Each structure stands twice: as C-alpha cells, then as structure tokens.
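The same chain A turns up in both complexes below, where it pairs with chain B and then with chain C.
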Partner chain A sequence: MKDSDALELEVARIVSGILRVDVGVDASRLNVPGWDSLRHVEILFAVEEAYGVTLDEAEMAALDSVKSLARRVSMPR
Partner chain B sequence: MARVLFKRRPTRLELSESRPVWPCRDFSVRPHRNHSYEHVASAASAWAAYGNYRLIWSDAPYDDTLALRLDGSPPDLELVWHDIEPIRSSPDIDVVAWLSSRIHALRDLSGSPILAAIVGLSPEEEVALRGLIGGLPGVRLAPVSDLLASVSKPFDPRFMKIAGSRLSEEANLALAKHLACRWIPALLLPRLKAVVVDLDHTIYPGVLAEDGPDVPLPADYSALQASLLKLKRSGIMLALVSKNTPEDVEALFSRRGDFALGRADFSAMEIGWGSKAESTLRVCQKMRIDPSSVLFIDDNPGELLEVAERLPCVSVMHAAQDAHATVEELEFYPGLWTWGTSAEDSLRSADLEAESARAGIRMRERDEWAYLRGLSPEMEVWPNSPQLMRRLHELSQKTNQFNLAIGRLSEVQVNRYIRSPEAFAVAIALRDRLSDSGVIGAMFGRLDGDVAVVEEWAISCRALGRGLEGMMAACALTAAAPRAPACRFHYRTGPRNAPALEWLAKLSGKKLTAEGCVMIPSTALPAVAEMPFRVIIHEDERL
Partner chain C sequence: MRHDHNIEGRGYGLRPVADGDAAFIVELRTASPRNQHLNSVRPSVTNQLQWLRDYYLRPDDYYFVIEKISNGRAEGLIGLYNIDPSRLEAEWGRWIVSPPSLCAVESVVLILDFAFLRLGLKSVHSRTAADNSPVVSFHDNCGFRRAADCPERIFIDGCPRDGVRHECRAEEWAEIRPTLLEKAAKIADRILRHDSRR
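Up next, the complex of A and B:
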C-alpha cells in the first residue's frame, strides 16, 4: 500500500494535469483559481479512472482538495 | 500523441496532457444546449488538435426550450446539444416534431452549418428526425443513439447535479472523439481525396524483397487492408508508394488471393528506390489531385519525416507495429470520414483509370473534334436542382485547379443560388464511352440585366484535360441564361487555380490581375447546337 505522502503527490499530479498548472499537495478549490466547478468534475472523472473508485454524490462536492481526495482513494472501494 | 488518442480507452488525464505544440486553425462554435457540453468539449480539444484545428466555444445558457439566442457574429458552427429527456416530461410534445421545428427555425435564422447531437432519442426517433431535417442545407444529425448504444454505460446519474449532464465519462469521451475526429471535420473541412500507403511493414508485417510474395498476413494487418478498402469504397482513392521492384510487387498482388487489397484497388503506384516525397508527388499527378488532399502512411519514421519536410501540406501517419492501432487511427483520422457517400465518390477510381485510355486516343487523333467524337461524350445539365445541392456544394468546396473565384460556398449559399429567382446554380454531368464521370461541373451566378454574371465556376480535376471546359460553360449558360448576350466571369487568383485562370485568359484574350471580372460575349463560347456530342439540358426545376 502506498503511503499517504506518495498518494498525495500522485493526486496532485492528476489535479495538475487536468488544470494544466502545477499544484502541490496543499492545493484545494479555495487556493487554486482555475479549480472551478467544471474542472472539479473533470478531476473527479480522472481520480475515479485512476484509482477505480466510485464516489457518491455527497462526496463529489466535499472532496475539494488534494489531501481529501488522496484520503478518499486510500480507503477501501 | 496519436498513440494516446487512438488507444482503446484514453483517460481524461492523458487527453488533458495532450496539448498541441503546433498552430491550429480556429473554428467558433455556438452551442444551443440544455445540458453541459463542457466536459465533452475539453476532451475533444486533444483530438481536434490532432486534426490541426481548435474549437472556440461561445457561452451558452441552459435552455430546454431551444429559444435560439443568436447573439454576436455568426459562428463557424451551430451546435444543437440537447438531452431530450426533460422534454419528454411534457405529455403533449412530440419530441421529433418539436426538434425538427426548432432546427428548421435555426436554419432560417443562421447561415452557419448546423450539427445536431441529441441525447435520449431512440434509434427510430433519430431516423424520423433525420428524415425531417436531412434535406436542409448544411444540417447534419449526429448518430448519437448508435454511439451511446456502443458504450457500456452511457449514463451516470451521479453526475447530473454536479456536471449538468447525465452522460457518463465513457460517453463523454466517445462523443468527444466522434465530434472532433468525424462529425465536425466532415462538416467544416474539405475531405481528403487519397491515402498513399507503403507496402513493407505497413499493409503486411514483412519485407517483400526478403520474404517474397509469401509475406505474413496476420489478422490485424488483414483488418487494416479491409479498412483501406472500406475507405476506397467511400470515395477515397488509394495509391502505393514503395521501395521495391515492380516485378516483386506485381507478383505479390497476383499471388495473394488472401489480401483484401488487390492491384486494381490502387489508382496510382510508384514502385522504385527514389525519394518517397517525389514518388508521392508523382502519384498525386497521376490521380490529378493536390498533395494537400493526401494522407501518407508509412512504418518508417525517416520516410515520414522526408515527406513531411519536403511536402508540408501532406498529412502523414505512422503505421504502428500493432496494426489495430493503425486501423483505429485511420477510422478516426479527421478528414476521412464522411456524412454520406455520393454517386461521384464511387465513380472516381474508374474514371481515373479511363483517363489513360483517353490520353491514348488524344495522341492518335490530331483533330480535336475527331478526338471528341472518338470518345462519344454526353453532357447532361441541370439548372437549379435542389437534389444536387450537396454535390454542387462539394464541387465548390473541393475543386482546386479549376475553380475560378474560389468562393468555397456553404450549403446554405448554394441553396440560395438554387432557389433565388435572380440567381442560378447549374450542375453538369459528363460521361463518355470510357467512363461515367458523374456530376463534375458547378456554375453559380446571377442575372444583372441581360448579362449572366458567373460568380463561381468549378470543374472537378477528373474532367479536366479533355478540352471540354468551354463547352461545359456554354451548356451551363445556355441552361441558366439562354438569352444573355454576354456573360461576366468573376475570378480570383488562389494557390492552385492556374488552369482555371489560364482558360479564362485564353477565352477572353485578356491579361488577368489578382482578382476581378471579365466580360465575354456569348458568341465567344462554342454553340451548343454545333457540339460534336449529345447534350441533354433538363428543365429548370424552379419553372
């Protein structure tokens, strides 16, 4: 199992790829201007694809940072 | 980039990271939507860049009623992007009739091409809607129901609230690929005319000079040959450019009954050890097409580089070791797919083959009229025929060498020429004892007093070189403006229309400038009654 730091770096890379701007592990919708609602959906698409997880509707809105996404994908599917 | 784009299932991240580093042509899109297109549009941008274009989307409010807000300047494309599901909740609405009426209304309001991509129609409803709007100029209905039936999970209601659409990510990506690689290029870009292929390691995984005619043919290469044959049947010509000996190549095709492609499927061949760029130019000359309308496929990156550097207008594709990947890229190569195959598409290869026989007759006959009588040509002329609108549009868009004003008319503009009482649009078909060329000439103009003003005059390159251009013009003008004592031809110098300009300069005896018009008395054109062949002029359908 990957440690949480490695997972956060991976998720940060996914978010960077979708937003087309380099972001760190502390990135969130609050501190990255391009992370709007449209890009947020695409980040969710990419994260589901990458980790084979299925997020529920409540999670989709709540998982709004690299750390929260990394925490979620480290949990059982 | 192609390896990512045409793999079985590229991911959203891979698409997002596939960014063009080359200049792309911009096309503006005005969506009319009731669900989000944004997640499809962002994925489509990678495939569009592969096709050397970029889509610029204007803002569009969500609107179930398709109120058709047409703010700002006309776009390159109107996109009707609708999910019909919310409309179904209104019990009194016949969704097909309603969509048809809204798309008719959009056609009346906008002169831009219209693509309708409707989610939620049954296959039967889609067929019915296509029947109602299929005849409208510049309107196409995307086969969305078939496409969504082919994905494992078309809808994902979890995303309805947050994404503004019930489409699943799999459906988003499938729609993006079809939109960018097929539907939009087939509406906005000229279709390629030929695919030029190498032999060794391209249409089979072997080396003819080493393996002999028994080169291997595994299933994936067989599928690639079948895919090329399918393109040929849709009107794309095939040509062969290979570094081999002609005897080996002849032996290969005569021995290999298991090949989907036969010798006769290639409209032109250049077999030899010279430069592939030069060979490609020669096959283009044989096919009478400009290199810019060619896709060149080879397994050797060095050959691809040489062709790309020496002929930058030629599109190039790398033939992968896994031929399934090449098949996928070929199936989705922007500019190869078409909304429908015309009769002329299927005539093209046979017509080209007849050309060498025509050249032989021309060599033997010193007298021009004896040469024409030897061919027994027949010309058929249709003034203002709505049935020929798409072919007339195709001729205006695709002809390069004989296109006098390079108007590049849209279907909507062609339709106006056909239907406006003061204008005219004439289609000319040609056949002789060697082949049927189909509709190969298009003239568009209007009457200015008693002068026929020819604003666009285009002849397919397949019909050039037979010395019939003046006779075709005379027949078209006789059909459209029989009493006009003079005609005024508009012209514009383009990159490749020298043959058309030379014809006009010779006819008028005047030196042409970059752009302008030339007045010619009708008597300067050949008299239809004296032509050494049969001319059939149909009645004007407006009368």
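Up next, the complex of A and C:
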C-alpha cells in the first residue's frame, strides 16, 4: 500500500496533467484559478480511471483538493 | 419575458423563472461565494418580485431555473438576454450555480442549444468580471473565443470593472458542443445512478 505522501504526489501529477500547470499537494479549487467546474469533472474522471474507483455525486462535489482526492482513493473499495 | 420554454437535458433541465422562485433567486445570489462578481440584489423577496415584473415585460430576455431532473430541485439560474433580432445575437449570463451542484456543464449546453437550435441565433457572447478567475477559466476551457477587443469595461452595480468577453458563433458551437455534451452526459449518468440507489 502506498503511503499517503506518495499518493498525494500521484494525484497532484494527475491534476497537473489536466490543468496543464504544475500543482503541488496543497492545490485545491480555492487556490488554483484554472481548476474550474469543467476541469473539476475532468479531474474526477481521471482520478476514477487511474484508481478504479467510482465517486458518487456528493463526493464529486466535495472532493475539491489534491489531499481530499488522495484520501478518498486510499480508502478501501 | 414570460415564456414557456422547458428544456430537458439528461441530468438537468431549464424551466422558466416564475414568481415562486423569488426567494430562491435572492438566496442564491446573496449566498454565493462569487456574488461580488454579480450585480447585487436587495436581500428582499419583495424587491426580487418587482425585478421579475419588469423582466416579464422585456421581450428580449429569457431567464431560467436550472433544475435537477430526477428530483426537481432548483440548483442554479441562467439567462439569455439582450437579444438583437436583426443581428441574431444575444448575451448569456446571470449564470449562478449552487456550490455543491454539478449542473454547470449541462446548463451551458442547454442554454446555448436554446440560443442556436431553438431561437436560431447566429452568435452569443458572455461578459465576466476579469477577476472572477474560475468563470473566466471555465469559458476559456469550454473553447469559447475571447473577443478581440478584450478586456472590456463592464459595470457591476454601476462600478466599472475589467471584464472578459467570450463569443461563440453557431458554427463554433457545432464544434464545441460534442465535447461538452459528452462530459455533461457522464455527469448525468453518475447522478442518475446515484439517485436510483436512494
């Protein structure tokens, strides 16, 4: 099992790829201007595909940072 | 204007704003974290009802509530207005989405489909405060073209602000639409699946 730091770095790389700008593990919709509503859903679908998880509607709205996404994908499926 | 256009999408739909929505409009426009980028509304349902009475008389103005189809819950607002029937142009905006909602992408697809496919307009534009970064970014990422004379001055509550004008012609929409529609459909499938489990 990956440690949480490694997972956060992985998720940050996925987010960076979608946003086409390097972001760190502290990135969120609040502090990255390009993380808009459209990119948000692209990020969610990319994370789902990368980790084989399916996010429900409430999670899709709430998971708005690298750290929260990393926490979610580290949970048992 | 009073109209009867109900526009059904996959996960969300647009229905005409009515007097019964006044409290929702006030709540949404005053509670939004981005309300500093909108013309303010007086936090009063009575004032909003007066605004709606004026709106009903404007022939070039369509104002919609964005509703989730599965449960009819109002999740946002969007409008198409300043319609120029000779040039077949209009502005879309008054767009505000309840923060937890996922209706943003599909609501834009629906309002632009309404403009181009139902009303037969040739061009639409939107104007956003330049410092409203997430919304400017959304328009850019959707593929809407920044106008050549950007930035332009916009007025919010009478105060001049730098604004960003995005434009979209009907032929551009035909190219942009499939990508946005695909994303809207994926979101809709997800929320429908989620709702069916409840």
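Rule of thumb we're sticking to: the second predicted complex is superposed on the first by the 77 of 77 C-alpha atoms of A that agree within 3 Å, B and C clash if a C-alpha of one lies under 4 Å from a C-alpha of the other, contacts with A are read in each partner's own complex, and residues count from 1 in each chain.
Basically, a residue touches a chain if its C-beta (ideal position, glycine included) is under 8 Å from a C-beta of that chain, and two chains touch if they have at least 3 such contacts.
Note that the structure is predicted; figures quoted are calculated from it, not measured.
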Legend entry - Which of chain B and chain C A:Ala62 touches, first, second, both or neither: second
Inset, instruction - Would you sort A:Gly34 into first (chain B), second (chain C), both or neither based on which partner it touches? - result: second
Inset, instruction - Go through the superposed model and pick first if A:Ala70 touches only chain B, second if only chain C, both, or neither. - result: neither
Legend entry - Contacts of A:Val23 with chain B and chain C, given as first, second, both or neither: neither
Inset, instruction - For A:Ala46, decide between first (touching chain B), second (touching chain C), both and neither. - result: first
Legend entry - Contacts of A:Ile14 with chain B and chain C, given as first, second, both or neither: first
Legend entry - chain A positions touched by chain B in one structure and by chain C in the second: 37-38, 41-42, 45, 55-57, 60-61
Inset, instruction - Write out the stretch or stretches of chain A touching chain C in their complex. - result: 29, 33-39, 41-42, 45, 55-58, 60-62
Legend entry - Complex contact set, residues of chain B against chain A: 11-13, 16-17, 19, 36, 38-39, 42, 158-159, 161-163, 169, 172
Legend entry - Residues of chain A defined as touching chain B within the complex: 14, 17-18, 20, 37-38, 40-42, 44-46, 48-50, 55-57, 60-61
Inset, instruction - Over in the complex, which chain C residues touch chain A? Could you list them? - result: 97, 99-102, 104-105, 133-135, 137-138, 141-142, 180, 183, 186-187, 190-191, 194-195
